[in-house]
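These are the structures in question, set out in turn.
Next come two complexes built around subunit A: one with subunit B, the other with subunit C.
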Partner chain A sequence: MTAVEIAGVGLHPFGRFEDQTATSMGVTALRAALDDAGWSIDDARRRVGAAFCATAYGGVAAGHRVLGGLALTGIPIVDVEAGCASGGAALSLAAGTIASGQHDAAIVVGIEKMPKGIIRSSFFAPWQEQSGLAATPAYFALRAQRTMHDHGLTKDDLAALVVKNRGWGELNPNAMFRSAVTAEQVLGSRLVCEPLHLWMLCSPNEGAAAVLLRRAEGGSGAVQLAAVALRSHLPGHVLDESTPMAGLIDDGDITPPTTLAVRDAYEQAGVGPDDVDVAECQDTDAARELLTWSELGLCAAGDQRSMLHGDRGQVVNRSGGLLSKGEPLGASALGQVVELVGQLRGTAGARQVDGARVGLAHTIGRGANASVTILRR
Partner chain B sequence: MSTYLDLSSDPALIGGFSPSSGRYHFPLATVCPYTGADDVEEVRLSATGRLWAWTAVTAAPPGYEGPIPYGFGIVELEAEGLRIVTRLTEPDPSRLEAGQPMRLVADHLPGDLVAWSFAPEEASFATETSS
Partner chain C sequence: MALLGVGVGVPSWRLAAGDIATAWGGRGGRGSIAVCGPDEDTLTLAWTACDALLAETGASPDDIDGLWWGTTRPPFAEGPSWSHLAATLRLGPATVGAVTAGSPHAGVEALLAAADAIAAGTVAQAVVVTSDALLPGTGTTLEPACGAAATAVLLGPATDDAPAVIGPRAGRWMPALDRYRGDHEDTTRDVYDGRLFREEVFLPLATDTASALGTDSRWSLPDPDGRLGGALARKIGTDQVVSADVRKALGDTGAAAALTGLVPALTTPGAAALLAFGGGRATAVGIDVRAAVPGAERAVADLAAEGTPASYAQVLRARGQLEPAGEHVEMAVPPGSAMFVRGNAEILGLVGGRCVDCATVNFPHSIHPACLGCGGDKFDSVPLSRNGTVQTFVINHAMPAPFVAPLPLVCVDLDDGSRVMFQGEGTGAELAIGSPVDLVLRRYAIERGVPVYGWKVRSR
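The block that comes next holds the complex of A and B.
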């Protein structure tokens, strides 16, 4: 297998942009990634063998519109949808074309311009919508209630998680919400579905991110793509992101998709959870991030509170997480990669984790799909 | 909805059972969702269970025209080993508690839609509120 490294990364800020289309944001992010790599468009035309565009709402040939905006068509361009893990899925496919020796370089771009409010998609059948069973935040709330019960957490801990992420988000110029908040403000925000208040939930929004991958050039000093893994759910967990109508009471032996993916990724990279210096993980809601910590092995189940209130919790979601950035589905996983590349290069400014050498990015969402990417420098 | 809920007598959810896997499932599927076994039998699931998780939906989700708020939760059917995602008749989360007995009811919604829902068992509820 050929080693793969990150030649360049680029981002269009996450937020709401009335004057931008998903395509124009994608072009901005991709152009920034080429600039970051020091590649001209001519360089890209010569070296890039394929492009993968992550998007859930971008429509037919979304990637072709982005690549066409920089005169980069002619190569295979494939749109990739895997819910919140779309960017991880696209990254995995692109890396595979290089690792297999098929291409020397590949483009990964994620774009999204989402409707406001609860995410509506073709995921639920009409009868489920009419029955009130497409209430996405309610599923998050049920999982939050059980996570609090099983891991000894309270609403105050959920609020503290939001305070942590929004505190880092204040320092991220590419985030949508750039103000620190207090626990009192979080608990005083509108109750959406008990126990989740509005500020404990991430906002669907708009944005784009791009990653340029190339065959590793020894001694380049570039950030290495040490692992990228994508997994789906095993059936039986009533509260997993596949959103089933039923599950098994006896579900203790069913490994969640995040754990399936991270085991693959740790094995590929030859590292374990204690080696992770900085992580970006899915904070769809505050309880989701806390549950994810144990699913990734960053802490033992039930130890989230001590991690949250200690230094270790502060290395997770230095970007501010989705709670600060918002979640443009196709772009979010690649946005995490952009953040981690900055951390590993030591250019993350006020958000820098000193001396970070191993970074882990995680998403979990509809499907269910989970992606885990490990970067190393 | 007739594929999910049998209203011919007392309401019952329609699920499946695979003798070879020994597992029940809901809704009824063509093969056992847990093992792929191809021997699924249609069954009426228990109409009583215990509350495992609950919340309330405070704003109408996409495509929904029924009353707001409404209860939403998961009820365990111990006999079948299943946890069922369901509407709840009680929209106030503070009036519900873990493990309380629940009973299946038909919930009539706009557009002649009949959804499944679970209601607190009246007797047990009276006992709990008086204690």
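The block that comes next holds the complex of A and C.
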């Protein structure tokens, strides 16, 4: 298998941009990635063999519109949708074309412009929607309630997690929410679905991210794509974003999709959880990040509180996480890669984890699809 | 015909009559009325009464082959009201019966139709349920009197040891307007002239009917406005109006009034009678109570339950008489689509499909033809338990229309080992992981004008 490395990354800030379309944000991010790589449009035309565009709301042939904006059409362009893991899925497919020797380089771009307010998901069956069982944030809260019960966590811990992420978000110019918050403010924010308050939930929003992958050139000093893995939930696993609400089975012994994905990724990269210097992980809600820590092996189940209040917790979501950035579905996983590339290059400024050499990015969402990406330098 | 048991259903809300008077600039307004919350209607009340009846008598749905239901407000003005109720009670596929409607007289019509079917031998054992949730026009004179409740009784052939027996009946009619609602109208209009109605319609017709029954007994009397009942009692010369306390606690319960008012008389032996009035008709029925009727003590207690105070604005919103401005986003698929129809009997009857290969219970399995646990396609139909414990839950404070927040959603481990998810009743304040809960029938929503029903989790 041919090794894959990251030639360049680019980002359009995450937030709300009434003067931008998903396409224009994608063009901005992709141009930034080419600039970061030092590639001209002609270089890209000569070397890039395929493009994958992650989006859930982008509409028909969304990737063609982005590539067309930079006159880069002509190559295969495929849109990829896998819920919150869409970006990880696109990255995985693009990396595969290089690792297999099919292409020399590939473009991965994620774009999104989501409607405001509660997501009306098309994931559930019509009868579930009709029965009021399909309201989106409820699913996060059902899992959060159980996570708190099983892992000995309280709403104060969820608030502390938000304080941590929003503290780093204050230092991220590309984040949607750029102010630090206190636990009192978090617990005082509007109750959306007990136990989750508004500020414990990430905001669906808009943005774009792009990653330019190429065959590893050896000695380039570029960040290496050490692993990218994508897994979905096993039948019967219920307390995840897949919750099917019917025929539910006890999921105590069923391995969650995040753990399935991270096992694959650790094996591909030849590292373990203790080797991870910096991580970006899915914080759809505050309890989700805390559950993810144990699913990734960053701490033992039930040890989240001590990790949260120690130094180790501070290496997760240095970007501010989705709680600060918001979550533009197709772009969020690639946004994590952009952040980690900065961390591994040592260019993350005030958010820098000193000497970071191994970075891990994680997403989980509808499906339940989980993606784990490991970068190394 | 033997009356073998009784059960009642009372809605959760109480509305002070004074709140209505205040809104319309009127004076006073005494007492309070029982009104439906947003997830209750004549179907859920009828189910509650029948559920209590079956629990108290120990009768099995398999032994019941007749269902008669009297109400002025069938949940579907034209549609599957009867079959919805039959499904939620898990009655057999050959069960017969009818919905009687059209006026508050409908309750006694259901009772007598069932009694006649048993007398004729066409039905062995019948459930009769009368339920109502009156929907008056806003600001009408009758509005502060319009209540809601349901009473169900179990009828069978007369035997020597029957706790109560249905006796003689008498009826009179005249083609006079009492209350009125046209086919194109949602709400009921006022009596056209209070004095004329009292002196020339109600009192003569009701008095004649009571006299024709010729009994000196404990009476359940109609009282549409809170005064007519007292006037009627004086006319027929009785001081044994057993319906007075129920009327005071709940208001006029329409088609359910006659049987509901009789409930206190079913706790002790003695002669009793009910009188139903409406639609230009009056009918009186004598009941010989020989022993305390199973379920009567619980029914009396249920009727006296205090309920949750609600504001006039809350009640108007629950009745659909106060609607939010702005866009209503309809669901992706209308209620008449195959995706709902195929699983409706299972959803209403709480019937799961147990996979013959891995024993996972799929619900509703007609909509999910492959087992979620193993992909198998062979199932045994199993009625699910209505008791369980909370696996996890959420109190949703943001729900898209037509749902109303706060709305609990609860994942329940049922006592039969299945795990299913439902809405929760009320605010869900008593829910906790591991706590015991029961399932009750409630209305989930009205989507595109169609009421949608399902089971809700209630803390035990």
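Couple of notes before you dig in:
In the analysis below, the second predicted complex is superposed on the first by the 370 of 377 C-alpha atoms of A that agree within 3 Å, B and C clash if a C-alpha of one lies under 4 Å from a C-alpha of the other, contacts with A are read in each partner's own complex, and residues count from 1 in each chain.
One rule holds in what follows: contacts are C-beta pairs under 8 Å (C-beta built on N, C-alpha and C of every residue); 3 or more make two chains touch, one makes a residue touch a chain.
All figures in this text were calculated on a predicted structure; none of them were measured in a lab.
With both complexes brought onto subunit A, simultaneous placement of subunit B and subunit C is prevented by a clash. Applying the stated contact rule after C-alpha superposition, one finds that A:217 touches neither subunit B nor subunit C.
By the touch criterion stated above, A:129 is placed in contact with subunit B and with subunit C alike. In the superposition on chain A, no contact is made by A:184 with either subunit B or subunit C.
Of the two partner chains, neither subunit B nor subunit C is touched by A:156. When the two structures are aligned on the shared chain, A:35 is found in touch with neither subunit B nor subunit C. Within the superposed three-chain model, A:267 lies out of touch with both subunit B and subunit C [touch as defined at top]. Taken together, the two complexes place residues 118, 120, 126-127, 129-133, 135, 137-138, 141-142, 145-146, 149, 191-194, 235-236, 238-239, 244-250 of subunit A in contact with subunit B and also with subunit C. The touching residues of subunit C, counted against subunit A in their complex, run 329, 331-333, 335, 337, 339-340, 343, 347, 352, 360-365, 367-368, 371-375, 391-400, 403, 407, 409, 411, 418-423, 428, 433, 444-445, 447, 452, 454. Interface of subunit B with subunit A (complex): residues 1, 15, 23, 25-27, 33-34, 52-66, 70, 72-74, 76, 78, 81-85, 87, 93, 98, 109-111, 113, 115.
Within the complex formed with subunit C, the residues of subunit A that make contact are 118, 120, 122, 125-127, 129-133, 135, 137-138, 141-146, 149, 190-194, 235-236, 238-239, 243-250.
On subunit A, the positions that touch subunit B within their shared complex are 118, 120, 124, 126-127, 129-139, 141-142, 145-146, 149, 191-195, 235-236, 238-239, 244-250.
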